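Read through the structures below before going on.
Here chain A shows up in two complexes: once beside chain B, once beside chain C.
What follows is the complex of A and B.
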């Protein structure tokens, strides 16, 4: 049994999220489970069909919001979407996220094959943008809609193959910067299209985790490009916050992450109490119930885990948002997402 | 009448960075052991087998892992693939070859998890290293923590390409591995031809009983003011006594009053300071377990 009754909400999702932007406490903390491909399951359509059809994708995320009441709609099917629009081939699966096919850049000279995408035409960027338009029109007055894209470092790794790219960081530094420049520009172009549709751009940079890059490498190859993106969002976003998600173990890179000036960090494999201490009054934190647990644990166990996360994150001066550390597994039972969001209602209250 | 539970499939985890020789190792094992081996690979490319989820080639079944991202959400797919292999292919041995940037500790956590206990039995975590590149690649802060993690959590480290390096370099490689993972079992190989069988969890407790090591960490600071001699001595003493955590490796430039920046190298708990002739920005990086970044920053009086 879950340990407390679930109190009713007195604010809608948008009102709740706006409180964070205004620097005031909401009735209770927001909850951002990263519902990505799981949305297809809510609509009852195969993932591989849903993520290639703008209408289905839009409807799936609106259906997920209506089913769960998550406080953020998150459009993303794979962190390789921008790379796909730049020429990277993907393998599409019926019941899973698409996977990278052979890397576009096999030889250094293949960088010539990388193109800056036309967001209205290339890859599935038009699918994302049309789905975003649908969700904003349908439920934008009650919930914040976001459209996610990979950061330059992750996009470059997708184009090159992550193993080889990590070695390039050491062997071919100048070439890596040339590639990152392209990926950064592509990302900024897409951000502009997202902002034009009144959606919140969120950058995901999983290849920048501490498992793969050291703080020195982060400062040299990840941070400067992320900084350009956050600067761009701050300049063009009409007051929207710059939101960064890095899954995995990020703690070694918190120092250089802070230098890139993102307002909201969505974190995964870290201790939220340590993150809160580090974030101080500069960063709002999102996280970090273990994604795999959302698939295999019971609602009671999710409730217990979320309660601990809330205890660690609550009181963060710039705010705390309960969330999943990474993508909600496609086949996660709905009851576990209910338990997660109910935990925000129970353990993240400011009205008593 | 109830059927007896299936016998868990013997499993080897084969880690190693790009170019170390993982695929060569697997191909060699396939040749030696013949039919009945299944391989779970990160990608088909290197084994030269195309497309589709399951392929059979000369009695060898190869299954592709979904994703290939280091991301947490991919783990579920790996476990699913393993169950599929065990139930449908019933191999006598399963070789798991993750991406070259995967953390061995993460994979051990997955393969030795209770959820797979009746499906597979992780007999050995083998890491292949390239003797030619190991010394440069294992420097602190060159890569993220994955590179040292692969060494630290291996039951057996194959020091490969020994035919391409001289005796001095080979000794230096083995010393470095011993610094990172004291007690790790090493075997020298050329063309990744392993002699005999790997140990079954001989360095650590039996795989199924392993308690997970804490995550390896990396902490960097930028020392502000110059240290006086007594302060430097106090710092080194505190470092050697574990005051900042269990440090495996450290490297940096410390500003010392009247001496400019000194090059600090920390190896196996020993600190070495040498003068440097060129200009350098003060900086210190420590890699290890249970590192106390706050204490380190407090010592130097500013945050990184």
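What follows is the complex of A and C.
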């Protein structure tokens, strides 16, 4: 049976990914499972320890790459990391990602308490950057390393508390822009540090998801700042693409997302065939096997789901990359990630 | 001269629907001053506006910020009207215990469902977020709930929903409460697998599902 045979790769991971940048077909599509906190599991250390220790974090992601052969190493433990470096307190857990403690900005005036971070010192930015350096040195010649940070809208929501922040969008517009300005500047500073370490900066903007905010809100508060970030990556990235991940149902906001000029979209709760139609020849797509299924389903079910996603995404003019819709669950069984990557080998071929 | 009842009710509904808290509160004061029944003003004014907002949310015209601000306007006006409610206005309401399961602090989704259930006529007992699993069972027993609603955004905590259902079974209480589950990683398939009574993928449909499962229970009783 053909579905059981897994064709061998004839390119290494970096060669495969470079094909996308050069606009040629790889031997088979790349696969970007968003392995974040799951990497600690692969190394066999508690998540809470791993994400606060640069050496462990670097080793965990290299170990995950060696275990699975994912085509992108993705450094991120939570979308609140930039906010943390700007003064937001976090609750650290032993076996899960940290969660937001009480918001830093309780009153509007507390915006004065928000600081532009020093990437060498504040929060866990140094942990991310040192781990990035380690991975680039260790495996950067064979696989693309990326370091993720939240977009301005998500960072602002973390500093303020999402439930209050969404009300500010109507009641304190100018103030919101002032806060977004700070968050954007902090993000751009961090992007520069990531680029200096030869890693790919990737922006995640979950609070800009269509599951939460409208296209109008996106155009007013999300898009303009994302545009500045993509412009910055295009100007300073030495030819690197601007990569954006937004979780949840993004379809309502595809229009304003396109206006913000990101080259690669990593998508979650969408129909990949509709996304391909919309992306046309402007956007490369990544996605979107259901994250919870990577935890709960069998390898056979993952194979079947990935096959359908591939059928929908393949042929996208700017390229298609198989991936998980959002973070790979911490406790996902390894066989399910194997099944996902094998699906890229089986259903994403260009060599025949 | 005092305005007609219809005009005041329209302002109550419009204040909520159009995110205009000032209008809703002003209309609430006017309703009381003009001799309207508080119950009338709530059910035929505020609730009409909030239900319309829920429809717009369902149609992706409104999103989370709009729905939350509509509910702010509704609750502000409700605070004006509530002291004037008469005892006989109190209806027998279905009781719902709701919360975000242990290990998770994301509560926007839960809050949205809570608002829409409240508007839909349920009496809400909100346990908040990061709720110890046994507390759902305890509270449901204490208030003699009809419905338990469990929410989570995370894959690390979703199994807590199954644990709550297991706890109910162990205590021989599974048939006494309906259990609804929802949140980012939750699906109908997961709900079926853990033996939940219902699943909804957004706040508007949560109310429909909640009424369905509770009405089915009432019909069977």
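Things to note:
FYI, the second predicted complex is superposed on the first by the 349 of 352 C-alpha atoms of A that agree within 3 Å, B and C clash if a C-alpha of one lies under 4 Å from a C-alpha of the other, contacts with A are read in each partner's own complex, and residues count from 1 in each chain.
As a convention for this text, contacts are C-beta pairs under 8 Å (C-beta built on N, C-alpha and C of every residue); 3 or more make two chains touch, one makes a residue touch a chain.
Please read these numbers as outputs of a predicted model, since none were measured by experiment.
Taken together in the superposed arrangement on chain A, chain B and chain C clash. Shared-chain residue A:255: touches chain B; no touch with chain C. Contact comparison for chain A: of chain B and chain C, B touches the greater number of residues.
When the shared chain is aligned, no partner comes close enough to touch A:282: not chain B, not chain C. Of the two partner chains placed by superposition, chain B and chain C are both touched by A:217.
Residue contacts after overlaying the shared chain place A:96 against chain B and chain C alike. Residue contacts after overlaying the shared chain place A:79 against chain B, while chain C stays out of touching range. Under the contact criterion defined above, the residues of chain A that touch both chain B in one complex and chain C in the other are 93, 96, 99-100, 162-163, 166-167, 169-170, 210-214, 217, 247-248, 252, 290-292, 295-296, 327, 329.
Partner chain C is touched in their complex by these residues of chain A: 91, 93, 95-96, 99-100, 162-163, 166-167, 169-170, 210-214, 217, 247-248, 252, 290-292, 295-296, 327, 329-332.
Residues 19, 60, 62-66, 68-69, 72, 103-105, 107-108, 111, 154-156, 158, 184-187, 190, 193 of chain C are the ones that touch chain A when the two sit in their complex.
Looking at the complex, you find that chain A touches chain B at residues 79, 93, 96-97, 99-100, 102, 162-164, 166-167, 169-170, 206-207, 209-217, 247-249, 251-252, 255, 268-269, 290-292, 295-296, 325-327, 329.
Of all the residues in chain B, the ones that touch chain A in their complex are 17-19, 45, 66-73, 75-77, 99-101, 103, 115, 136-137, 140-146, 149, 215, 217-220, 285, 303-304.
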